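One chain, chain A, links the two complexes that follow: it is found with chain B in the first and with chain C in the second.
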Partner chain A sequence: MPDHSSDARFERLLRRLAGHSSRRGILARLGATIVAAPVFPLLPVSHAQSGKDRSVRGKTGFARTAQTKDDTQCDYWRYCAIDGSLCTCCGGGVHTCPPGTEPSPTSWVGTCINPDDGRAYLIAYRDCCGSSACNRCNCDNTDRATEIYRPSTNNDIIWCFGVSSMEYHCSTAVVVGTAE
Partner chain B sequence: MRQGAAWFALAAAVPLSAAALPSWEAPPAVQAAARSDYIEHCGGCHGVAGSSAPARVPELRGRVGWFLCTTEGRDYLIRLPNVAHAPIDDPEALAALVNYVVFRLGGESAPAGARAFDGAEVAVLRRSPIVRASLLRERARLVADIRRRCPAAPASLADYSG
Partner chain C sequence: MGGIGRMRQRISVIAALLSAAGVQAQAQTPPRPPELPVEESDVAALPVLGPRVVMVNTNWGSTGARLFDGDTGKMLGLIHEAQLSNVALDPAGRYFYVAESIWTKGNRGTRQDMLTVRDARTLKVVREIALPGRLLVGTRKHDLGISADGRYAYVYDFDPASSIIVVDLVRSRVLGRTEVPGCGLSAAIGAAASLSLCADGALAVTTLDARGRGSVSRSESFFSAENDPIFDNFAVDTASGAAMMLSYTGLVYPVDASGEPKAPTPWSVQEAAGLPRASTAPLAVNWLPGGRQPMAWHKPSGRLFVLMHMGEYWSQKEPGTELWVIDSATRRVLTRKKLKHKASFVEVSQDAQPLLFLNEEETLWVLDAATLEQKHEIANAGGGTLTTFGPVR
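Let's look at the complex of A and B:
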């Protein structure tokens, strides 16, 4: 008997629901939801598809601890993928070669996050060439660096191509754009 | 009456001239991503603005568009190993990168009416990268053919010899 009464209650509920709702209304709302879904940015999905995680958390330990004040230290933010002597310790600047050396027109390009604004920037590591190695402030950071078979993102190469001497002196870190 | 004829002539001329100009249309975000990808993956050697002199790297600025003069030249731009194997999985994104190179860095060098690459074309072409031929010989052969078929192509296109 209790079963019957619960059946009856459930039937009454369904009938009330059926009587007060129209199938078209439900279809319309369902349709609208399906059509509208792509309009809303499905961020985690599109982010995963793009394959580019520019967030500080998505980076290596370097980006989390990088600083923006002292460009003579290996943990200066632009040096996330530098390999060699910092020109800032060799009589040059973060984007200038020391006197007596020549900037290479070729370089490799890394992507570093500036902790001050949280944005990712493209950094060209241009070698200064034509004088014996400076050998001060040697750093080797490898954010996004690849093995030699992908030379465009390898930092072991001496990039003194297109200059009069292949002799490596030090490396600069020039901001060449924002990473999108 | 004369005015009416002028309007008619103008209306007829607009679609023609629009079709004749080499072009690549894309939303600003796509263009910005293409430029960023170019700098990250190609700009170290080819130069941030497509100019690599004095290094012995093919000059893109004002020149690369000529490769669209022949079908083989067009295919070559995608079949280049570093393009075909670029770590950019999405063919649409790779097409945008190459379109940025050809139509922005290449400037006026793309032949009139040249059409932009799309993801479908890039997806097919990148499956057959040039692996067995010498890249230098292949490039020299293509440039000779381009200069025969498009006499306006500059002699400097053949400058790069490795």
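Let's look at the complex of A and C:
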């Protein structure tokens, strides 16, 4: 069920995201939406809380088999809820957009466990926008991914809001904090 | 001279023989058929679309909504669309409505969102209605709804605040925008309402007043959008406001959205098969619904067709390896059929001897919905949501 206790943490996260972005208008609208809907279930922090069991038995199928060596593979640990082309295969990196594209200031979010340190991290999946689809290393991982009426964890939406072009190119997976 | 004379004589004998043989051969050759008539290029028109026609909406990659005759397996035509468009049919069958977005310079420039109205026989553009925005997302059916009387279109927008844009299709203009905070989707209900699902686990119904302004009423929360979401691509009967919804764990929610939205009582597809409800615990392997359009509803018989796979929880996009046919009245699985090919999309025609449609990786399969016998396998059919032209979308 919805976890209202995470609202404050989400607000802090939003502020942190806004701090890295010049597109505050978009984030302000998103923030306004959430303020207008106090029952809006927020980021999957609660999953991290409920999933503190880092034993094999406590992990999803993805987390049990995730690796930390090759970020061009779909099973790289940060990609637990990514959908799209990996920017690491398109001339970019895990937090770097390829040449000629622009990172969206908005994103959907996943909670992924790093097998090297056992911590759960909040991952912002930011689309790189403004060039035609890279269409390489296409992955579609679905850990705790939801439908579009809960957009913060939906990976099908084109998240190229607040950039000059909404054309989707690839997706990055940026660590934005721990979810302990 | 004598030698030359004999040679000439032989040549003339051979020539005569060859000539005679030619005449004989000519006499035995059947007469040539008449010349083919000179042709002129023309253009086909679509037939009136019956209930056994299916539309495969490919809105990513090689875009276009392809129409197939389920009886013959033949393609009837393609409705043009931009990337990430929605396509809907006027309930009276006069028009196709395409909610689409383009930019003046290809991938940049001025964004133009529009509802393109195409004639349902010729597919020619009848008019374009400018929209103030719309959400760009793949494989969703209920981002565009058409009211039961064909008067209104409901376009779901997320920018990233949620709203429903109401279009008057008679006057060809946008009436306004209703905010639906914390909710999404805009499936048409009756003559003047649309249905959304909300992130707090409620239903929201946006009802239009006489001037087309929307007001939102919500049900109690009844599901967890975070832990057991209902699939966006549910089945809805616009005319009656009845809908069948399915969650990731396999709970079916029979919804009545004809009036004030009420929380439905769910039942489990696994229990309908005599199995325990699905567990969401890691390492627990269950039969789970999955795919992009995982359930079809044949409203006249009350049968549900659900794509199921074996897996751990959070495998909701896995295509089905089995098709479960369920009687929604008795809540019993009638048939479990192992599929020859996995499928992510399922739809059923709404006539008395329905056809079942399955889609995966650009292939469309047509089955008899009663016997589950395959009638057609159609390659290069496109991949995406399936729509039949009956009451249930």
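Everything that follows uses one rule, which is that the second predicted complex is superposed on the first by the 123 of 180 C-alpha atoms of A that agree within 3 Å, B and C clash if a C-alpha of one lies under 4 Å from a C-alpha of the other, contacts with A are read in each partner's own complex, and residues count from 1 in each chain.
The working rule: a contact is a pair of C-beta atoms (placed from the backbone, for glycine too) under 8 Å apart; a residue touches a chain by one contact, two chains touch by 3 or more.
In this text the structure is predicted, and so the values were computed from the model without any measurement.
Contacts of A:T111 after superposition: chain B is touched, whereas chain C is not reached.
When the two complexes are overlaid on their common chain A, residue A:A179 makes contact with chain B while staying clear of chain C. Using the contact criterion defined above for the overlaid structures, shared-chain residue A:G61 touches chain C, although it does not reach chain B. Note on chain A: of its two partners chain C and chain B, the one contacting more of its residues is C. Contacts of A:R150 after superposition: both chain B and chain C are touched.
In the superposition on chain A, A:D140 makes contact with chain C only, while chain B stays out of contact range. Common to the chain B and chain C interfaces on chain A are residues 106, 150, 153, 161. Touching chain A in their complex are the following residues of chain C: 84, 101, 103, 107-108, 111, 135-140, 158-162, 179, 181-185, 196-201, 221, 224-227, 229-232, 282-283, 311-317. Listed in rising order, the residues of chain A touching chain B in the complex are 49-51, 104-109, 111, 122, 124, 150, 152-153, 159, 161-163, 176-180.
Of all residues in chain A, those touching chain C in their complex are 1-3, 26, 29-30, 32-34, 36-37, 39-41, 44, 46-47, 56-62, 64, 106, 130-132, 140, 142-151, 153, 156-158, 160-161, 164-167.
Of all the residues in chain B, the ones that touch chain A in their complex are 29, 32-33, 35-37, 39-45, 47-48, 52-57, 82, 87, 89-90.
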